[in-house]
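The letters A, B, C and D name the chains in turn, as written, and every chain counts its residues from 1.
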Amino acid sequence: MPGLRVWLAKHLYVAYAIRRTLLFFVTLWGALTVTFMFFRMMPGDPIQAYVASLEQVGVYNVQANQEVIAHYRRVFGLDGNLFQQYLFYLNQLFIERDLGPALINFPTSAQVGILRALPWTIGLLGLSAVFAFALGIVLGAIVGWLRGRWYAEWLTNVSIALSHVPFYFVGLMIVFLLAYKLSWFPSSAAYNPVHDPGFDLNFFASVIHHGTLPALSIVLIGVMNWLISTRMLIVPTLGEDYLTYGEAKGLSPRRILTTYALRNVYLPQVTAFGISLGGIFNGNVLVEQLFNYPGLGSLLVQAIQIYDFNTVQGIVAMTIIVVLLANLIIDLCLPLLDPRVKFWR
Amino acid sequence: MNQPKEIALRDVTQTFRGGALSAIGGELVAVDRVSFTLSSDPSRITSLVGESGSGKSTIARIILGLQRPTGGTVTYNGKDIFCLEGRDYDTYRRDVQPVFQDPYGIFNPFYRVDRIFWRPIEKFGLATGKARGLRLIEESFEAVDLRPADVLGRYPHQLSGGQRQRVMLARVHMLRPAFIIADEPVSMLDAAIRVMFLNVQLDFREKYGMTTLFITHDLSTAYYLGGETMVISQGRIVERGRAEDVITRPAHPYTQQLIASVPEPDPDARWTDRIEVSEQTAEVKSASRDRCLFAERCPHVKERCWKTRPAMMDVRTGHVAACYLYGAASHEESRDAAVTH
Amino acid sequence: MRLAALWRTSAKLQVGFGILAFFFLVAFVHPLIVDLIGRGKNPLEIGAYPAWLMPSGAHPLGTDRYGRDLLAMTVTGLWSSLQVGVMAGLFATFIGVVVGFTAGFKGGKVDSFLATTTDMFLVVPSLPLLITLSAYARNVSLWQVALMLTIFSWPFAARTIRAQVLSLRSRPYIDLARANKMTDMEIIFQELVPNMLPYLGVGLANASLGAIFALVGLEVIGLGPSGAIDLGLMINWAVTWGSMSLGAWPLFVAPVTVLSLLFLAVNLMNVGLEETYNPRLRRVAGA
Amino acid sequence: MPETLLEIADLHVHYDTVRGKSRAVDGVNLTVYRGEILGISGESGCGKSTLAAAVLRLVKPPGYIGGGVVRLHPRDGTSIDLLSAEESDVRRVRWRRLSYVPQGSMNSLNPVMRIEDQFTDAITAHSNFSKRDARRMVPELLRQVGLGAHVARMYPHELSGGMKQRVCIAIAIALKPDLVIADEPTTALDVNVQRLIIQTLADLRDQMGMTLIIVTHDMAVHAELCDRVAVMYAGDIVEVGDVRQIFKEPRHPYTRALIHSIPKVGGVRTRLGGIGGNAPSPLAWPQGCRFHPRCSQVMARCFADTPRLLPLDTTANGSGPSPIVACHLYPEQDGSRVTTALTPVPQ
């Protein structure tokens, strides 16, 4: 065992990677358990609610066939005590990777719908979040560097004012302005049904055309958010000793801003980006619902309205896995941004 | 202050593990089986001199009860300070008071400076009633050459570094503890105020019989204070004796090199020889610790130095050094011997 | 930094707090405003006035589809939104303080366990679960709504407070407090909390805002848990009734503006506090 | 007369702070000759670091240059007033003629860049060396300060304090500048590392003929290293003289008190005096001679007018260049002003 420790001491990055991966699994297990408990402790019983909604539609005479309910209960893994359900839940997720029948298009299992919707969400959410992050960092650095000039202060104050306005507020305004009044962009669906999904150019063109508005509502606010936080980080860095030293070396202002100031800001911001993904998904649900964009968000809202227990639980689990994976990837890339990371995390 | 009070450290060890350090494979031994005793009778100034990272500040925090050591014991009049309860704990806190290094960090920015005095007065019941308390405070201000009008009622950020450190001294003067644990109190002060601070420290011993453990990296300060001097390196006490002996007639090779590196404030006494210091980078020092840790850089290194850790050997009366130049006993043998008799 | 000094040096803090105070005042006196508009009858009753009236002297914000006065509705909506928000904010900040202080102050194993748990909750997407909860648990009281919102907003408070406590805990004046024979509880409440008051205050504002934002989000997609009138519900009505196309802009604009100003206020306080409280930022700003 | 390298005439540096205008540097006159090490000493808060920053034109808001001239006479270039010249001209002079060893060298190295990149960006910015040539120069520069070539590939956090300081020195001498300004190069270092730094700085003068300005409050470092020492107090220079004259026969009462309050190692142990009172605040310097509140030989004149920095006539006890003192104890002998009349500069 001590030999391994000494070997690890030599290969710091490997030791760091192992530590972060272990933490990834612990957090993943913890988050999934929290959601499992959450669903089980909710007031009201999903099956009763589902059957009640069917009853309103006049499809079932509930009192007559209790075994129908028992059957549903078994299918949805809600029979047996809590611990058996928990094992069933984990087995479903990791071993069989089959989330059980979804009610949306019964009897296909839930993960089919989820996996079909996932690329849209990753595409819309992922791309616009990363774009907003990059643009926000650059603008934040410039505003921090040029603080005092009127346009820099003006942009900062606008960002302060709007940076926490929720995505769907902006979404509503954009729909009203660009789609309704000026109708430059379509305000719903992911692509024009005329083109069938495939790898041809105009399909992509229509996807981009349809995706602009929802992406814009995420990017607009995201940029302002990252602008404020970057400026807040870069202004004190401008006072650091190594920056004065860079100036004393007579380096060009552009080089000082990029290699001295900005590179020291990447680390905290990239870590914050990882953590913010969870929050961005929340806003995304509403944006997709507003633009009825076929991502996980709108699938979730549909599933809720018909009490589709498996799909909802599947979507939440999928989001957790995606967000945590993204965080793990970011953690593993951190040492490239800042070599000190291997030591103190 | 009739019967003498004593703080005794027996084989105190402090190792840091976990977090980043476990990544470096193993632990960092900050304090490595250190033993010494501070006694209030006769009151004396003992200076603990060492480079940064030698563990001297860790020892201060352990004695003050701020940090529990991973090995060994610290006893106050025979009782382990980390198991003190009720009255014993009160007397210990009453008798052992700190003076910290960073004058800017010792005041809670939220309160006025006066709180530094009123908290101990209430907690230790030094004076009943505001008037008697105020008189006590003014008396202490005199002792440290501070005018109460300049300081009382002010906030910490309105005072200079020198004023703040003197306020700490006034607090200690008011409490009159048996022991003062001063952790590098002068390293952030200018020469002029530093001398004044050291003079007050000398007064505390002469007039009020307070014993001080004075921690510093500056040999000239240790020499100026006199009393006893202990030199610490890499968590181990390597030399101990009267200040004159240790600083003017150093025995341990490490102390000799340290003294030789102190710049003389005299242009005619400049160094003539050149020194080549082999620089170890921060990576792991793999060799085992059961040896003299100065072996790599010691001009008189012998075979035995690499084998076992040297015990404290007698150099002259009251002057000991952990070096095989003066004897052959290893640390283990001497410790067993000490336990038997 | 003394609270008074903090107040004087930051204009952003003053403006932000001013807006917040204004809205709380309006919310507190909303029954008076409603009576003033109604002049005897309840302006929120269906059919009280003609529908879709444009803003006029009697009805500064006009009326909605069922002839209910919009100003009265906005003010009442503000009151219930703030009520839920503040309740959720208080619960979340309380849990955040307890977790943050225990983790920051104790350190070691307790700290790493609590930190990982906080990260776990941070990663879980809160909205889907809230939606599920509200879908199953029909007609719940405001208290239950506030509790639901708390479950996922306490980690944010816990994280910032833990970071604060960790940085303050290593200050020499904490060691001096121990040398003054002060117990852990005394140190926390007399030495740590006073220095963190501005952060706790803004942390509460943030948590409450987060809760309002989540609640409004639920209501906009029509899955709001409680039936009480609040700003989110007004936006939902505006969208479902297509009030924009009918030219009845106040139904949509009023709640959106109120909420945006609330966000602006809290944001200003955040930035203001950070600029005056973060010594490095201040050093550069020349103070 | 040794060749003049740098002339500072009537330099003022002020800071607009919340609590009023701080006159950190208030009318400093100083001349630096080629090939010498000039020490600038004084308590913290006397303005010595601000002076160094002003010469390097690194004073950032809220600080600003209140007036004065800093004229550099490089060996082969035309002389340039660093304060009034265009930023582009100053940037051309930086590092090739005038370089800097920073005060907080512990965090002056960019934490996310390898050591060799910290060399190459300075070299390539001021010379036509390519990045590859610059990288090849690094091992030799490191050897000159006693560091192995392997240090080039390491990151700052992997180095000890002493090593970081020596890297900064190596970077400063990369382009063989005429003048190197080192701000508190030995503070916060351990004793044996301190000695190594002093030895390295001395080598720069002895082996490479460079001119250095050493700013530090530690008088012992001045004794070990400097040829001439300027003592600063309350934003102005009170005494300039040869290092032996400053230590053996200090003229100004403040210098005398400063020398007297240095605890020595060895020798008989007597109680030292120290200087009473507190250091004055730059927001409100005392009237007349700024040392009068703490001076043991204060006279009536000292309250009224500020003494001017004048050379004493050296015939009395000539030992090297004449000491320059600003104190009413030495009434003006020959009335000639020091450095007010700048040596005529060919326009």
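Basically, a contact is a pair of C-beta atoms (placed from the backbone, for glycine too) under 8 Å apart; a residue touches a chain by one contact, two chains touch by 3 or more.
Worth saying up front: this structure is predicted, and the values here are computed from it rather than measured.
Undergrad: What is the set of chains touching both chain C and chain D?
TA: Both chain C and chain D are touched by A, B, going by the contact rule given at the top.
Undergrad: Would you mind telling me which chain pair, A-D or B-C, is linked by more contacting C-beta pairs?
TA: Of A-D and B-C, more C-beta pairs in contact link A-D.
Undergrad: On a C-alpha centroid basis, what's the spacing between chain A and chain D, in Å?
TA: 55
Undergrad: Can you compute the centre-to-centre distance for chain A and chain B, using the mean CA position of each chain? Integer Å is fine.
TA: 53
Undergrad: Mind checking the centre-to-centre distance between chain A and chain C? Centres are C-alpha means, answer in whole Å.
TA: About 23 Å separates the centre of chain A from that of chain C.
Undergrad: In chain A, what residues contact two or more other chains?
TA: Those would be 343.
Undergrad: Within the complex, which stretch of chain A touches chain C?
TA: 23, 26-27, 30-31, 34-35, 38-39, 42-44, 46, 49, 160-166, 168-169, 172, 176, 180, 228, 232, 235-236, 238-239, 275, 278, 281-282, 285-286, 289, 300-301, 304-305, 307, 312, 315-316, 319-320, 323-324, 327
Undergrad: Chain D touches which residues of chain B in the complex?
TA: Touch residues, chain B against chain D: 51-52, 145, 160, 162-163, 190-196, 198-199, 202, 217, 219-221, 223-224, 226, 247-248, 257-271, 274-277, 279-283.
Undergrad: Spell out the part of chain A that touches chain D in their complex, as residue ranges.
TA: The contact residues of chain A facing chain D are 240-242, 244-252, 255, 259-260, 263-264, 337-340, 343.
Undergrad: Over in the complex, which chain C residues touch chain B? Could you list them?
TA: Touch list, chain C to chain B: 1-2, 171-173, 175-182, 191, 194-195.
Undergrad: Which of the residues in chain B come into contact with chain C in the complex?
TA: The contact residues of chain B facing chain C are 61, 64-66, 89-90, 93, 96-98, 100-102, 105-111, 116, 119-120, 123-124, 155.
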